[in-house]
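First subunit A sits with subunit B, and in the next complex the same chain sits with subunit C.
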Partner chain A sequence: MGALCKKCRERAQIKLPRHNASFCQKHFKEYFFKQVEKAIKKEKMISPGERVLIAVSGGKDSLVLWDVLRELGYRADGLYVNLGIGDYSDRSEETCIRFASSRSANLYTISLPAFTGGAGIREISRKVRRKACAACGMIKRYLFNRFSWEMGYGVAATGHNLDDEAATLLGNLIGWKEDYLSRQAPVMPSNHPRMVRKVKPLFRVTEKETAACAVMSGIGYIYEECPLARGARSTVYKNTLNYLEQHSPGAKQQLFYNFLQKGRPGFLQKREDVQLQSCSRCGQPTATETCAVCQMLEKIGAPPLSLSEGGAVKQKAGEALAP
Partner chain B sequence: MKVKLEMPEQKELEFDRRMKVHKMLEELHINPESVIVIRGGELLTADDWAEVGDEIRIRGVISGG
Partner chain C sequence: MGALCKKCRERAQIKLPRHNASFCQKHFKEYFFKQVEKAIKKEKMISPGERVLIAVSGGKDSLVLWDVLRELGYRADGLYVNLGIGDYSDRSEETCIRFASSRSANLYTISLPAFTGGAGIREISRKVRRKACAACGMIKRYLFNRFSWEMGYGVAATGHNLDDEAATLLGNLIGWKEDYLSRQAPVMPSNHPRMVRKVKPLFRVTEKETAACAVMSGIGYIYEECPLARGARSTVYKNTLNYLEQHSPGAKQQLFYNFLQKGRPGFLQKREDVQLQSCSRCGQPTATETCAVCQMLEKIGAPPLSLSEGGAVKQKAGEALAP
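Up next, the complex of A and B:
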């Protein structure tokens, strides 16, 4: 006899040692939705009626986030950025489109190569002499913020889960990166007129729980790895934390929640606030005269980015997308 | 039973006896926190038995980046 659901005593499909509970499909989803709702309410992530844009990649986290927010009644649309990483990008785009159609949800897609004369992340990172993931991270964050702002979204959400946050925290603690530590939070308020609030509604659920929710909700997601991902350090941290979790259930959440409650306030006090200015070329928030993405585009000989030109933004599924 | 690993690297294994999921994961040196175990459309917990005729998928849940 396997484990039984804590709520209804039917066969359990998942055990959650950190909550000392097991759940059947129905009650697991109930639990999962409650955790997300609690994160949103407690951290004041999204106001009632506010439109939210979700950065979707085709992976389990962002698609589950989108599905759950819609089920919870939030007005959530998706943005997919095709990074021009060969077949991998095309397969992940198709995955997002398929999901959006299945839910009649609104999906925007942006194709990075359409702005760069065909260059994707691999080519750009070579030309600007940066690691692929560093260049990619900057470009994704830039496009996500700029697109959200131009389309009038007040809040933008990503699929970071508890494992992501705990692993990032562990890395920042080992390096004692006070500046990053002061900034790591489930909500990043806007500190520039063109900066949109960023939120992470999945920070209370684990990676395993999110994958379970995807399977139970019939969400087809892409689980192959990006070909440019090279043995990310974060995977080592995640495995280390999972080893701890296995022997001491609740370790991951304790680490992250304790940090938020007791550690972060101290780092916030010490923080020196950099006044963000507007980029001289694109107007986006930056600490330097010209923002990092405009500098990259300049280096590869691409014109300043205009999201409304070039047919790079397409509406995919769902009804009209007018704001 | 057939066991398909999707960690995401794919690999197929065979076991010729029924066994509990936690025992299977232990033999494969897999931390239960890092995977979901799927049979048909359903998830198995570490306490469930995998039977001789079953087709099991063990899917990694850790995303990099």
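Up next, the complex of A and C:
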């Protein structure tokens, strides 16, 4: 590479054209941690002492997020949802367990098939005639919020990075989806008694930077993409923005930061706030009488979901935390 | 290619993935003309019988626009502004003259150096310390509007195509420039007695389609880009959108059409309308007391600009039209 670290003038390990800077390993990690801390502080994501639950998938983003939050001194536990996508789910779960053990961190695992009489995402999406990614997203968001709330976490975090957020933004701009645009933010406050605040502390770092951080921190993660997500539109948007970034360094963050600062307030103003009610079956927030996940479970003949029954939730590694 | 024309099932000459269609030469031109006609009619660009002046550069877009408007029966004349960029300007001017002669069309040419004591864009931009493309755009827009108005044209047209418009939009979204976003439209109505309505009848067709139309219509055009525009940001945006379009056919038009339909009205509402006044030196519309072009001429020591003096305006080909 030949470049020198901006801080110590030692040989650089990574080049960040968007910041016009190169860093050695030590100062890259310092930079990375500072970006996460800045995101949390500036956007008021996590209060001091507040317990935070992280949705972990076994991929680099969520495991790096968990690692960094713990290193920064936050009380961060993990939740893995096994979605029953064959070997892929099992390998992902093992990866999360291995990471939690290595850090003596608290990891919960939920098995979706345990609630559905054995059906995973593939079967559910076929039965309810929805795209796998749509059904999966809905179920994961539901379980993440419900579990966080039932376990008394005030805030729930996901590993969405700058690439994820910018790609979603590009898609929403192409379709000019004002409702989605108004809801795209690093912090989504709770607007229902059973809704937990959602935060995205990695929104200031890129996928490439997160991967580098994982390698430098010795985090083993699942490289493969979910087999059901192949050819997803979001991948096209990510690659498009990578092309742009390569020829115009900084454009990706400009797009997202400028939207957050100048664009989003306008969409927020226009949004008609839907008054969320409580689902008649499970009590979770919903815009309809019965929530979409309860409707889905009904369609596939599964009973209402109870997290504290049937051994669907397991506690792995770290100190015990009873549900 | 192997594909067949959607209309006549003869061998196709061009494939349009964004329309999921292929066409033979005859039906491609039919499609192309229909898109231009649709743009004009739907956006109320040109009234029946109204004379229209086209800004021609010698490139494919403006010459195709001129050709198509004439074929569609519009009373369309051309204006070429020689910006004094050496050989490039001279070759461009010759190309326009050749085209006008071949069609017996009316072409005016204006020579910028004739107004500036010999200075072209390169020298002017150096003297006034502005980027060449910025100075050039300002001068061209000024001359185009002023000449159209002095010659009694009600409407002035440029050859901007879908690629141009989408690239500009992408740049404005990256910077979230609300003022520019509010002004990006296929029709800009006049908002000053000396301002002529501006229209972009090619906004529904792509660069590739316009190039194909030029070839099929036997239009000789200048292939080379302006030597001062090399490495322009707009080229990066165009290439980015071409990457996107290649992997998600139709995305480019979706971005631009959805913006026009759903996005732009919101920006228009928010815009504070600047009351345009008349320039104290030339009478042209301006937001300041003296317009930017008069200020520029003053800086380089050139006299106020008069189109009817000094032989700066020439009439080439076609029937005579006195200024």
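Here is the rule we go by: the second predicted complex is superposed on the first by the 320 of 323 C-alpha atoms of A that agree within 3 Å, B and C clash if a C-alpha of one lies under 4 Å from a C-alpha of the other, contacts with A are read in each partner's own complex, and residues count from 1 in each chain.
Please note the rule applied: a contact is a pair of C-beta atoms (placed from the backbone, for glycine too) under 8 Å apart; a residue touches a chain by one contact, two chains touch by 3 or more.
Owing to the predicted nature of the structure, the values given are computational and were not obtained by experimental measurement.
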Considering only the touch criterion stated at the top, classify A:A12 as touching first (subunit B), second (subunit C), both, or neither. first
Looking at the overlay, what does A:L173 touch: subunit B (first), subunit C (second), both, or neither? second
The chain contacting more residues of subunit A, comparing subunit B with subunit C, is B
With the two structures laid over each other on chain A, which partner does A:S89 touch: subunit B (first), subunit C (second), both, or neither? neither
After lining up the shared chain so the two structures overlap, which partner does A:T286 touch, if you call subunit B first and subunit C second: first, second, both or neither? neither
Please indicate which partner A:Y243 is in contact with in the superposed arrangement: first for subunit B, second for subunit C, both, or neither. both
Going by the contact rule set out at the top, does A:D163 touch subunit B (first), subunit C (second), both, or neither? first
On subunit A, the residue positions that both subunit B and subunit C contact, one per complex: 239, 243
Subunit C to subunit A touching residues, read off their complex: 173-176, 178, 233, 236-237, 239-240, 243-244, 247-248, 251, 254-255, 258-259, 261-263, 266, 270
Contact footprint of subunit B on subunit A as seen in their complex: 1-3, 12-15, 22, 25, 59-61, 133, 163, 206-208, 210-212, 215-216, 223-226, 229, 232, 234-235, 238-239, 242-243, 245-246
Which positions of subunit B touch subunit A when the two form their complex? 6, 8, 31-36, 38, 41-49, 59-65
